[in-house]
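Next come two complexes built around chain A: one with chain B, the other with chain C.
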Partner chain A sequence: MSVLRFSKLIFGSATVFFLIAPLIAILPLAFTDSVFLNYPIPGYSTRWFVELFTAGVWQRSIINSLIIGCGTTVLATFLGTVGALGLRDKQLSLVLTTIKTIFLLPMVVPAVVLGVGMQLMFARYALTNTYLGVIIAHTVVAVPFVVVNVLAVLQGIDRRLEQAAASLGAAPVTVLKQVTLPLALPGIVSGAVFAFATSLDEVVLTLFVAGPNQRTLARQMFSTIRENISPAIAAAAFVFIVGTVLIAIVVNFSRGTNRANE
Partner chain B sequence: MNQPRLGKQLISLALVAPLLLFLIVFFALPLVTMIKSAVSDPVAARTLPATARSVSSWDRTSPPTVEMQAAFVADLRQISDDQLFGDLVRRLNSAKSGFRTLMPKTRKAALDTAGSIDLVALDKRWGDISYWQAVSVAASSRITDRNLLAAVDLQRDASGAIASLPADASANKAIMLRTFVMALTVTGACILIGFPFAMIAASVDGWKRQLLLGAVLLPLWTSLLVRTAAWFILLQDRGLINSVLMQSGVTSSPIPLIFNRAGVIIAMTHVLLPFMVLPIFSVLIGIPKNLMPAAASLGAHPVRAFLNVLLPLGLRGVVSGSLLVFMSALGYYITPALIGGAKDQMISSVIAYYATGAANWGMAGALGLVLLAATMILYAIYLRLSSERETSP
Partner chain C sequence: MNNPFIRLEEVSKSFGLLTVVEGLNLEIGKGEFISLLGPSGSGKTTILMMLAGFENPTSGAIWAGGKRIDSLPPHRRNMGVVFQNYALFPHMTVSENVAFPLKMRNVPRAKVKERVGKALDMVQLGSLAERRPSQLSGGQQQRVALARALIFEPEVVLMDEPLGALDKQLREQMQLDIRDLHRRLELTIVFVTHDQSEALTMSDRIAIFNRGKIEQIGKPSDIYDHPSTQFVAEFIGETNLVRGCVQSVEGGTARVQLPGGQEVFVETATDLRPNSSVCLSIRPERIKVGRREAAGNNITAAVSDIVYHGDHLRLVARSDSQSLTIKTDRSQPTLSIGDEVQLSFLSSDCWVVSA
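Moving on to the complex of A and B:
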């Protein structure tokens, strides 16, 4: 039995190391003062963070990512929340079950396939090389995350609360505003966070739909790795990883408050 | 009783309508556009209407008739748009090389003289029946299976029968096979690491389980680009992995890990491992904890209890996880594009090349359709399996 426990410990630790070590290993490289991404690090400086936030291309791409990310979050959160409200019944009719499957499909379709189609179609309606086009493309792949998150919370809501409000004379819109949406808020928040994160990380659709003026941070990182690797990448990765941990805390927190509500 | 139910159904439909409409326009329509670009071939039919009418009675084996030649010259005189003419030349040249020089020459002659032209005297290639066959095929149909056939290395020969492309003309089958093998390798690696790992995570509890699951979730939530960048930095010849290996004396010169197959497989396994661990884990924690002791109390050796009890139950999770990993791996673009060399590019890279590099939308659409179909079939199987699990006790 001790042999089994020992091998479990070794295998588990090795896998945790494989999963986490690459993410930790690149963090110190963000603070190198050399132009190479090698260990040992010759000296520490914040020059690559300065480059990231002041150099024209990087600064522009960060601003673009924020514009497109916010646009995507607003659009996807609105469409996804309203859509999830229509799917909240536990016993769905066949039509609604099919619609639910359709809502989740953008997570499955390979991004390159969708990108080719979007480039062809968006060109016809002058949506390529526009912010609106990129926001729409990102919303398509972000919206399933909003639907999933909002739906999970909605299905946990005790419907008697809404029935009670209605029986006390509240109009359906009032019930929605005063009871349902506040209860669903944790799901809406985590859906919105996921939508923003999806937009921030999106590369493939951006490659097909965006023009040089809509170059996002992820797109800029992609071409930097491809053409001319620099430690600015490690600095950008540092920002991303720290951001992810913060997002994870926000999502966990909103889920925690949701659990407390139940 | 039926009235409020119908009303509720209508409200539900009204609520899902905006998103449904949005996805029909910006998700379904792009896919339809892509599929249409794979099979549509309107340029010759649009630019050569008179030729299309006159070749309809031609048997495609006898010499071209005088009417056909006159109709063709008349059509050429009608084309005023140079870009459209360019599209026509490209279309014909893709069916038979030689049109690239033949067409401008013929158009110039048609525009310079007003009367009828002896095409064979102008260029003896017009006496070659295969050029007329190409014109006839292109002009008489607005749809084509050319791209779909080329996607699987097939073509139609001059008589219209399906034949293989010459070995040097296309490599799509090889790329599909490579995509399949790479996706399968990644899936296998994920099973080998993910199945034991999920079993360990399910067998412990408390902070140990939190740690193991956190290790799976953190990479899952981290940007794909960041994870790929991390591997790009680590796998380099002077990267961390090679530095450690060389300093510890395992190797004296750096092991090539980047721009080759090994690097892509390592990075993709890292990226996709959570999709294997989580489904297996969720199946395993659903198994009653007393099953293994029950088997042991009935006298089963732990190995036998594992093989006969836990493994078959856990296998459902393995199947779900494998489908997810394999399906995602098939369509991977970013990781092979950044970590792989030219010989490690998968089907998505080829689609992206046709679309953005070569502006060959027909081929991009045809290969895209192949990838889309493969993904949808795998997803349908996945949905079927997971709904079966929900309904079975």
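Moving on to the complex of A and C:
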């Protein structure tokens, strides 16, 4: 083995370890039977999972996360897909380039800044402490992920397929429904999954715009770790990680089937 | 043309500052097979896109079947389009692809099934109805595209280099198939190609495009035998272009002096003035080697190259400063480089082209 390959291997492993070490550290604690969130683990049990799924606050926060996540997914996927359809040309005019940049802006703008702005604005329209408010807030940060994913797929679609459909008698709406959207589906699905995942772990905006009734799982974990450091956090983290891995598998699968269709 | 089916009237198309088609007039008859032939960028595909409705003319009018169509959207033009890359819907099966235009026209289900079956039989693909396009070869995909473009009995079929992606043997087979369908179904076909031999074999008429304009339009034999410009002469087939000076004109025959001093007789339809300079086109296969023809033109030349092509030989001969290519059969006595040969050609095989 050459030195180069050896050092690549070392650096590669070190990077992977650096990335997943926090996850590895928290996971075993989900199965502790102690009431403290620390090592060493005296014994193993699933009591914190029971706590997670039966205690009122945790149950509520899981349901909230699902409601807000689904709402965000629907709204962001719709807006992002429509936006991507309008921005799909490879050469955009100045106006469209600007719009595209604005679409992607929430990816880089500090969430704190967005949060302050939203709180001020939502208060005016009585959207603070409502589900709709939180869904809108999450949608703002989720839309860029949908736009990016759908755009990537749309730009790969041969325009001549749509021209062919039109020449065969399909009106523009029919072309969209029968040709463009089915072909863009893999991008739309992965966009939707990203939107859901974004909503799931969004904390900052939630802190600004959500009231006690819209406390999400991520938000609940955040306050639990400050208030009583219960190992239920580790159990919640475990659920999160398993959920995320499942989502990643779904995305990969949808991309895989897309490739098989080509 | 009496009663043309499609008429383009002073059609121009520009993209920004670039003018792709300029003041084009073209009439296409019902049931005609017309090829638009030209190098890439000559505007032929743009014309097709305007006929299909994917592009709108910058100015001018397009008529089809007595109606003005240039502002009609593509889905209301009832024209079948066949693309070079087939443009089959990858998420549908072969039969779903072919059924698509019928579904768009709300044809009842039972009827759709019957007609799809017939259309696939027509292109000999009945057994592959449930496959996906990606599981078919290029030739099969193009047959599906053809069936899909013909199944709704369009008034006009537009083809954009449909055989460009196929290999030579398959291409020649498909040329015959398309030609056959054209005759059987009495289709009006507008066929875009940059392959001159394809245009010659398939078309009723050929329009040669150069820089957004039609350089010449006519029957394949007219264009081949009587090219009107140097561009056409060189683009269609192979030719020898020879410059000369008109000495005298008598009753449709001109006496032209070549740069080396030899004189040839040329039949011409255009008015030539004595002392004007002209460009002559002589097809390589019309030049005979080794014989003097009393009625024709005779010049002497020296063989400078011989290329063996299997069924024929290609000679390059120099006469004074002029180099001539000659296509000859192999019944000639063996020649070798440097031999002096007698070349002859009829005055009617010598054609004056404008620069």
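To be clear about the criterion, the second predicted complex is superposed on the first by the 250 of 262 C-alpha atoms of A that agree within 3 Å, B and C clash if a C-alpha of one lies under 4 Å from a C-alpha of the other, contacts with A are read in each partner's own complex, and residues count from 1 in each chain.
The definition used in the following text is that a residue touches a chain if its C-beta (ideal position, glycine included) is under 8 Å from a C-beta of that chain, and two chains touch if they have at least 3 such contacts.
Worth saying up front: this structure is predicted, and the values here are computed from it rather than measured.
Trainee: Just chain B (first), just chain C (second), both, or neither: which does A:L94 touch?
Mentor: In the superposed model, A:L94 contacts neither chain B nor chain C.
Trainee: With the two complexes superposed on chain A, say which partner A:V108 touches: chain B (first), chain C (second), both, or neither.
Mentor: First partner only, chain B.
Trainee: Using the superposition on chain A described above, determine whether A:A166 touches chain B (first), chain C (second), both, or neither.
Mentor: second
Trainee: Going by the contact rule stated at the top, is it chain B or chain C that touches a larger number of residues on chain A?
Mentor: Higher number of touched chain A residues: B.
Trainee: Figure out whether A:V3 sits in contact with chain B (first) or chain C (second), or with both, or with neither.
Mentor: A:V3 contacts neither chain B nor chain C.
Trainee: Mind working out whether A:L183 is in touch with chain B, chain C, both or neither, as first, second, both or neither?
Mentor: second
Trainee: Starting from the residues of chain A touching chain B, keep only those that also touch chain C in the other complex, and list them.
Mentor: Chain A residues touching both partners: none found.
Trainee: Please give the residue numbers of chain A that touch chain B in the complex, ascending.
Mentor: Answer in residue numbers: 8, 11-12, 15-16, 18-20, 22-23, 25-26, 29, 36-39, 79-80, 82-83, 85-87, 89, 93, 95-96, 99, 101-103, 105-106, 108-122, 136-137, 139-140, 143, 147, 197, 200-201, 203-204, 207-208, 218, 221-222, 225-226, 229, 233-234, 236-237, 240-241, 244-245, 247-248.
Trainee: Once bound in the complex, which stretches of chain C touch chain A?
Mentor: That would be residues 52-54, 73-75, 77-81, 83, 85, 87-91, 100-101, 104-105, 132, 134, 148-149, 152, 158 of chain C.
Trainee: Could you list, by residue number, the parts of chain A that touch chain C in their complex?
Mentor: 158, 160-161, 163-172, 174-175, 178-179, 182-183, 261-262
Trainee: Show which residues of chain B lie in contact with chain A when the two form their complex.
Mentor: On the chain B side, the touching residues are 8-9, 11-20, 22-23, 26-27, 29-34, 37, 193, 196-197, 200-201, 203, 211-212, 215-219, 221-234, 236, 238-240, 243, 270, 273, 327, 330-331, 333-334, 337-338, 348, 351-352, 355-356, 361, 364-365, 368, 371-372, 375-376, 379, 383.
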